[in-house]
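Next come two complexes built around chain A: one with chain B, the other with chain C.
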Partner chain A sequence: MADFRVHQRDGEGVSVIDLKGYLDAHTAPDLENAFQKLLNDKKFNIIVNCKDLTYISSAGLGVFMAFIEDVRKNLGDIKMSNMSPKVYNVFDLLGFPILYEIYKDEQEAVVRFRAQKKP
Partner chain B sequence: MSRLKKILLLAGALLLLLGVYLIDVVRLAVSLGQGTWLTVREAAVFFSFFFLFLYLQGMRGAKPLTVPKNLGKLLAYSLFVLVLIIIAANARPDWVPEGGTQNSGNALATLLFSLTAVALGLFSIMALLSIRDLVYYKRKKWTKRNFIAYVVCLLVASVAAMPVLRGDGQLFGPLLFAVAVVLIVVNSFKQNWVVYLSRREKMYSIVYASLLFLTLLGITLITSQSVLERALIAYHPPLQSFIRLNAIFGVIYFGMAFVSTLFHMPTAEVYERKQSELTSLHNLSRLVTQVFDFSDLVDSVTGMTLEVVGAKSAWLELIKGRNEQGEVLVEVVSLKNTTRQQIESIAVNGDLSLRQFVIDSKRPLVIDDISNDRRTKHIKKLDVAVGSLICVPLASHQELIGFLHATKEFQYGFDQDDIDVLTTFADHVTIAIENSKLIAKSLERERFQQEMMVAQQMQKRLLPQRIPSYPSLDVAAVSEPSLEVGGDYYDFMTLGSDRLGVVVGDVSGKGVSAAFYMAEVKGIFQALSRIAASPRDLLLRANQALADSLERNAFVSLLYAIFDSSKSCVTLARAGHCPMIHISGDSSSMVRPSGLGLGLTHEKIFEDSTEETTISLKIGDICIFYTDGLSETRNSEGEEFGYDRIVNVALHCRNNSAETIKNSILQEVRNYTGNSSYGDDMTLVVVKQL
Partner chain C sequence: MAGKAQKLTKTIESRTDSLLEVREFVLKAARQFGFGEEESSKIVLAVDEACTNVIKHAYQYAPDRKIEIVIQPDIDRLQITVIDDGKAFNPSIAKLPDLKQHLSHYRRGGLGVYLMRTLMDKVEYKLAPGKRNEVRLTKYLSASETRAQT
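Up next is the complex of A and B:
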């Protein structure tokens, strides 16, 4: 099984989490930890870049749901970007695009965050 | 030695000695001359003592040697002999025999001197045997040879003392005596037994050895006094020589033993400590196999640390992990005679941790003088007396798992022995801790497996036990759980004689929690299916009902369809689940009304985005419901089975029964995956319009 990696980087008031590999029940805690750390650091503008994410299970989807409420309560958001069609399909099937902003490119998400901040 | 043999030896010796006494009494009155009688007498004395020797030798072999006890016995006997010879030495002068062939005195005097001689002889043999046991303790190559040389010399000197052989042996006698004394001194250096005594035993040995030295000195001096010496020579010259030499041996040997024990007194503590260390290590290795409970184990470890090195306080830390800077994070799992605050103030000095020295060197850290060591300058103002400290790493397979600490109140409290012992101890502790962790892990696994079994049984019961029969619908269904319990779920709702509700879903999570949510979903659907006006209405109500019970990260995806045979149509609403496959003639379509998974959101957006769709069904039309476990099943190359394959199989055998279509799809999945087991649950429901 392909390994899973979470990498977090900061830039211009936005925190980016890069996902790589399989996100399932076994690897979900890694992503949970990454989110938790950002929340502890009061970083609520989060982009999850799914460029190298090859698979996501229901447990993986659950991680986003676990944190979105807290993030939005703090006037932040979790936006997603760079999904492969296959991964997008999983998100889409469940109706995630209705609840989350999903962008083709990370930069679009960054721009969107900036636009939201201004007013 | 058999009992009979012992009795015979003792009886023989006593009879011979009685015979000798009778001869002596007869000699009081009648001169027996130099001839046969005297030879017989001498032989009788010799054999009686030989028998006594064999008897005593046999007695000794029966019991194992305990030094102080044997010395005590010998001392008691020596005191008795001493008293006896003091009485004999103070006998009336006219009682004392003149020597030679003619006996003088009376029968009582003869009895007294005979008894004295026999008692002395017996004591000599006992002393010799006792000394032999001591000399032979931890014997080396020369030990036995030296001792036998002495015994030979002793016997030769004794035999040489016989009047018959004496002749002009005035030079021969002293020469033998000198050689014997040299051998006595040589043998007296064999005092190895002293080392192995405990402190208490050494105390006893000192007292006994000194008293034996004194009594034997007394015996030596009194027996060489003219009165007694003459009496003994008169009784039996070789015996006198035997007694004299052995008494000298006893004086020198026990004198040396006294000195040796005295010198070994200071080492008694060391020896005893070594012994207690060994015992503790032994206890610990027993503990390794016996203690399964982690907290019991670590408590015994700190307890034994105090015991093994006589420390004031001890604590055990295990490594929990590392922080972002790569520093180890430890947890104090057991402590004795100290507090967490003290430990913290001792072990950590700002950014400098004593543990770091151990981590870097991978060796024990010893601080001999805490108040003057640069590594511990920070703990000068400690409110408890800590003079020295040791920190030993616990390492398993090159990996550091923790630290064992001990402190003493005084400086330079830990010597090399302590370090060695604690290092060995730490190895045992590491094994014990690893073992206890493994046991805990296997217990946990067992619990987990039991939980899985319960969940599996629950899941099985939650699935419909039979498929409802409708005249216009052919229905087949299967749900294959994976190794772990997943959240696949399907159910049928009988809504009157012409309507059938079908729900296929996937509850997020696995194991008991999935089975629990599944039960909840089943309850909601069974209850609401009769009230809800439509599939969409039911999904909206179900989302509300689940709002309070689902965890934040849990959700349920499902598809709910109602087949209406009177109208030949199916109405369905989808909550984030895989679309339904509709096969009509040789064409297929995905029916995918929009909709969010249950539990994703409770806001109005759920209602807004959930749609419902109705499809009319022709005879022979097939509706296929499934979970992602089926469509996402992978082959050995990691490729998913996919929707298209399901559709193709269904198209291929669309003229068969729902059961056959279901089985064909499953068979295709199995062929596709080969031998690899399914990763997820697979659920498939096929409904065919008749």
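Up next is the complex of A and C:
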């Protein structure tokens, strides 16, 4: 049963993870694997597109916490985009907008990465 | 309808792939009781967090133990009790973390307990390690939701 899907796309200097379905304690390891693979491949500019993410619990939020430090140490970032209000509310309850940049649209996050690359 | 709804019980195995079933069970009960979509989602998430804590802490991922979920409707509130017979897990004795400081140290633990307390009106623990641990989550209907039911 495909209740959760992680799909990775690579753009120019940016990797995008598309999430689909529900992200809970059962499916969080799939996202962990995806982040781990990106780090192994030394891809540190990451956008997580949440357009089709229907549910998130703290187990899912914990995955972002687990990787953000390593990503930023390597001068990259994890930015998020296209969240539904329901999913955003959970991020907001836990104060995540302080730690992470969250954009309405994926393209805004891409533009931000490009702007940050310029000297 | 509030006050007339019956007690509902579901028993699941202590596996994370049971969580979806729990969420569907709780969502249906919350909506039938009269909670709106937003409040129902909060209740669902809080119960998910309680069950996840049992799987992770009380049973330490042993997949063949039992978790009982009891939904008890009352006139103005819905009470959901999550019951296990594993090791005691009592986060109520811990202070609610300073969220900003917690996050700035990239700590991933404790977020579920914080969510449960934030999403529900009351979170109570009754512990008898190895015998019967209970976490009881209570959500009150708002005045408008109560009116909609009468």
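The rule is simple: the second predicted complex is superposed on the first by the 117 of 119 C-alpha atoms of A that agree within 3 Å, B and C clash if a C-alpha of one lies under 4 Å from a C-alpha of the other, contacts with A are read in each partner's own complex, and residues count from 1 in each chain.
Everything that follows uses one rule, which is that contacts are C-beta pairs under 8 Å (C-beta built on N, C-alpha and C of every residue); 3 or more make two chains touch, one makes a residue touch a chain.
Please read these numbers as outputs of a predicted model, since none were measured by experiment.
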Partners on chain A (chain B, chain C) - clash or fit: clash
Which partner, chain B or chain C, touches more chain A residues: C
Which of chain B and chain C A:Y88 touches, first, second, both or neither: neither
First, second, both or neither for A:A25, with chain B first and chain C second: both
Chain B versus chain C as contact partner of A:G62, first or second or both or neither: both
Against chain C, colliding segment of chain B, chosen among 80-88, 476-484, 494-502 or 566-574: 476-484
Set intersection of chain A contacts, chain C complex versus chain B complex: 25, 58-59, 61-63, 65-66, 69, 93-96, 98-99
Residue ranges of chain C in contact with chain A within the complex: 15-17, 19-20, 23, 41, 45, 48-49, 52, 55-56, 99-100, 103-104, 106-109, 111-112, 114-115, 118-119
Residues on chain A engaged by chain B in the complex (per definition of touch): 25, 58-59, 61-63, 65-66, 69, 93-96, 98-99
Chain A partner contacts - residues on chain B that touch it in the complex: 487, 506, 508-510, 551-555, 557, 576-579, 594-597, 599-601, 605, 609
Residue numbers on chain A that touch chain C, as the complex places them: 3, 22, 24-26, 55, 57-59, 61-63, 65-66, 68-69, 86, 90, 93-96, 98-99
